[in-house]
């Protein structure tokens, strides 16, 4: 019925205006709840990116003996490159290794001075797709038949593999905790927001329970009473979500460039797609909560 | 002969008190005009609330407009109520709606078009003398004006049954007379009318059927009766 | 001779409508018993609200119990109101309090001890015939019972001025008579009583001073008057 | 007046019970708001401790030339020890330095093998009270007259000072950001909580505005009306705060041991005093907000 739709829209718009204390309360609650959730999700995203970036820096180095056979090295490199766990395999010659070492050690020049010739071996530097798979990749390298032939220490090939076992383990312990804390916190905020919004809507409807009773006595069916409330809930959610999104976008604009400047050594990013995703989540969940909150709260007063 | 209202052996007990209604047996035919009288607290409003299925009886059967209220499914209740106009003792106006909107609501509920609403609502408000109070909210109206909005809402959709609980309690004798003759005219068009009232003058002058309650019991049911009770 | 109430040149306009009261000049002496009559919407409740300083007049001066209401500081208003008992047309009972608590509230407000409250409240409720409804909440009371709680609350603290807006609108003639003789008795103890009413029988039988309003104007102020108005 | 106090307590207890929908709403809001704030403060405290712990590991090394004069070294050590910015000064002999180096480099044995004799200098290891003061301490060392005499490279004494300038700067950039984010987040949560609580109380009082009007008409003075509402607000705040504190203590018991286990290399602590502080803050601010929220919300309806 087109008449009814018009009626319901008009009705909920009027309610919206005339019960503005309640409306404002609900809009503020929805806005702030979604803002909290949105900011946490965005922060969580940045943290996750940082964690991933740090993890990406975990690599396995294979030291090669002086005068290794070129074809062996290439074979090993190809074997590793074709592994789905491996992101890239780069060759570092003896000279490049020395240059890097000098660069790294330039704050302890006493050690560089002491060095004669080029004691550093060439290496294959293996970057991983998922840093947590480091032990698997190491095992694969060890079991590869070419590996002992090119290894720096053929008698004890294992010593030709370098990866910061302890650091990697600590890093993973830390990043796991960071991720769990992140998820738990966002989940907590989401649940709390849900309760807040639900609570506010319940109070708003509680304050109008007499009206609902009167409507019933005048012969209004449940859906006739419910629809304007639900539409109102949707309006409120839309306004709240929009405000939250605008605030988050504003914050992003204001904070991210500064943060990127201060933490220029970290790869901080919060792309447009992420913002769009967050916006969609906020609007979607806002409307859902608005609808469900109103719906549930009404049930109590819609019993005959 | 079809009964509009039929109550058989109806008791109503509110929590732990003496009963509000005891063994009420009443039949009201379609098109009748009935006064319900009794002292304060004798059960008149309870009687009306039962017919509107606002409350359920503790015992007994109630049939209104062919519907057995004890068996009526809860989702069907609104449809029952659309056939009953009710003037409530405490008016029960929606506080966030103007007089016009309050009366219009009764039509919107049954899906009347905006056109119908636009013509009928002002007409009905004029009948109760509120043509210049259409845009006032209930708390901007005097007691009597609120009562008249409630009356207007009750009959705007021409229901076959009209219940009125003390419809002239806040009205002066002259306005009361106007309302009563309005109810009378509505009754002449075939609507069954039940009026709970304390207005002795009114009851005595109209000489209609009178049902008298005392402590929840029907003590008198008289055609062309009077208010009764000696002061 | 001390006036309890004195209104001079009082106008009251509500937003943008025709005036609710126009040029009202009324003096009521201490100890008088006055009826205020008039059609629905003639301004009776507005008159009473002005005396209680629920609203302020648009023009004119009002002096109640020696206090100039226009000059009265806002924090002093509660003290004024403690000297005025008021029966409201819509009862204005606190919904979360029982009858007993509603009446007791008027005593708690003026700091009466629990002992005094415990003896006076049941006594007053008995006077209005509600001794067995003391623990009922307002929505568990019939319309007339609520009205009587409001009456009990109005005079429980023996105020020097008693205002009653339509105090018998929801009461049957017999109970009304009881309430009226109660108001009469209270008046005999020196309390000034002002009753806005539509109850023609009552006014005609009591033969007290009658102030009649029409469209906000005082059209009659008569000692030992009658309800007047021809139907 | 003792009678009045009794009256007000009774009154607010009754209201508490009879308006339980509103009461429950307010209690839930206060509880969850304070829980969020409390959890954030606790998390923030742990993070701050970790940051401090990491910062504490920043040190300045002074390399000493072979065959330095013992008394010069001791003089320098004492000079630094007496500085309020310095936490400790430890002496590392050439042998200890070599042992440490070998331990650190054990994953690159090719370098150790290359070393002949002991090329590493002895050093004084300076730990700082506040890592951010590292440049100040470095300046002080440089300006000390004994320093050039013991320095490993007398011709260019500056090169005998080692501190991870870049790492320290990055660390500080990061920890500063972490701290700011922490504070901003807690502040945001606190403000949002305040608005939530205020909002809920306002809605609850809005729903009872008619009652307040009636009380005024019956001659109740403003404070007579206000007191039970304020007491109710305090009750609600107390219950909410208590629930929040219990939940936080419970969470601490459940999570901290596990966290300490997983992150055993970090110094995670959340002492009893911190918990007591958090509890006091929550109760105090809860009551304050309860009082102020009720007070402000009432003002609108207490105009004569």
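Note that the chains are named A, B, C and D in the order they appear, and that numbering of residues resets to 1 at the start of each chain.
FYI, a residue touches a chain if its C-beta (ideal position, glycine included) is under 8 Å from a C-beta of that chain, and two chains touch if they have at least 3 such contacts.
Bear in mind that the values here come from a model prediction, so they are computed numbers and not experimental data.
In terms of the distance between Cα centroids, subunit D is separated most widely from B. Centroids of subunit A and subunit C (each the mean of its C-alpha atoms) stand 68 Å apart.
Between the Cα centres of subunit B and subunit C there is a gap of 29 Å.
One finds 63 Å separating the Cα centroids of subunit A and subunit B. Contacts with at least two other chains are made by no residue of subunit A.
Chain contacts here close into one cycle, and each chain has exactly two touching partners. Touching chain pairs in this entry, ordered by label, are A-B, A-D, B-C, C-D. On the subunit D side of its complex with subunit C, the touching residues are 1, 3-4, 6-7, 14-15, 18-19, 211, 214-222, 224, 303-304. Listing the residues of subunit D that touch subunit A in their complex gives 21-22, 25, 28-29, 32, 35-36, 39, 43, 63, 107-111, 113-116, 119-121, 152, 159, 162, 164-165, 170, 173-174, 176-177, 181, 185, 188-189, 192, 195-196, 199-200, 202-204, 206-207, 259, 262-263, 265-266.
By the touch criterion given at the top, residues 52-54, 74-75, 77-82, 84, 86, 88, 92-96, 105-106, 108-111, 113-114, 153 of subunit C touch subunit D in their complex. Against subunit C, the residues of subunit B that register as touching in their complex are 14, 18, 37-41, 44-45, 89-90, 132, 140, 142-145, 147-148, 165-166, 169-177, 198, 200-201, 227, 229, 231.
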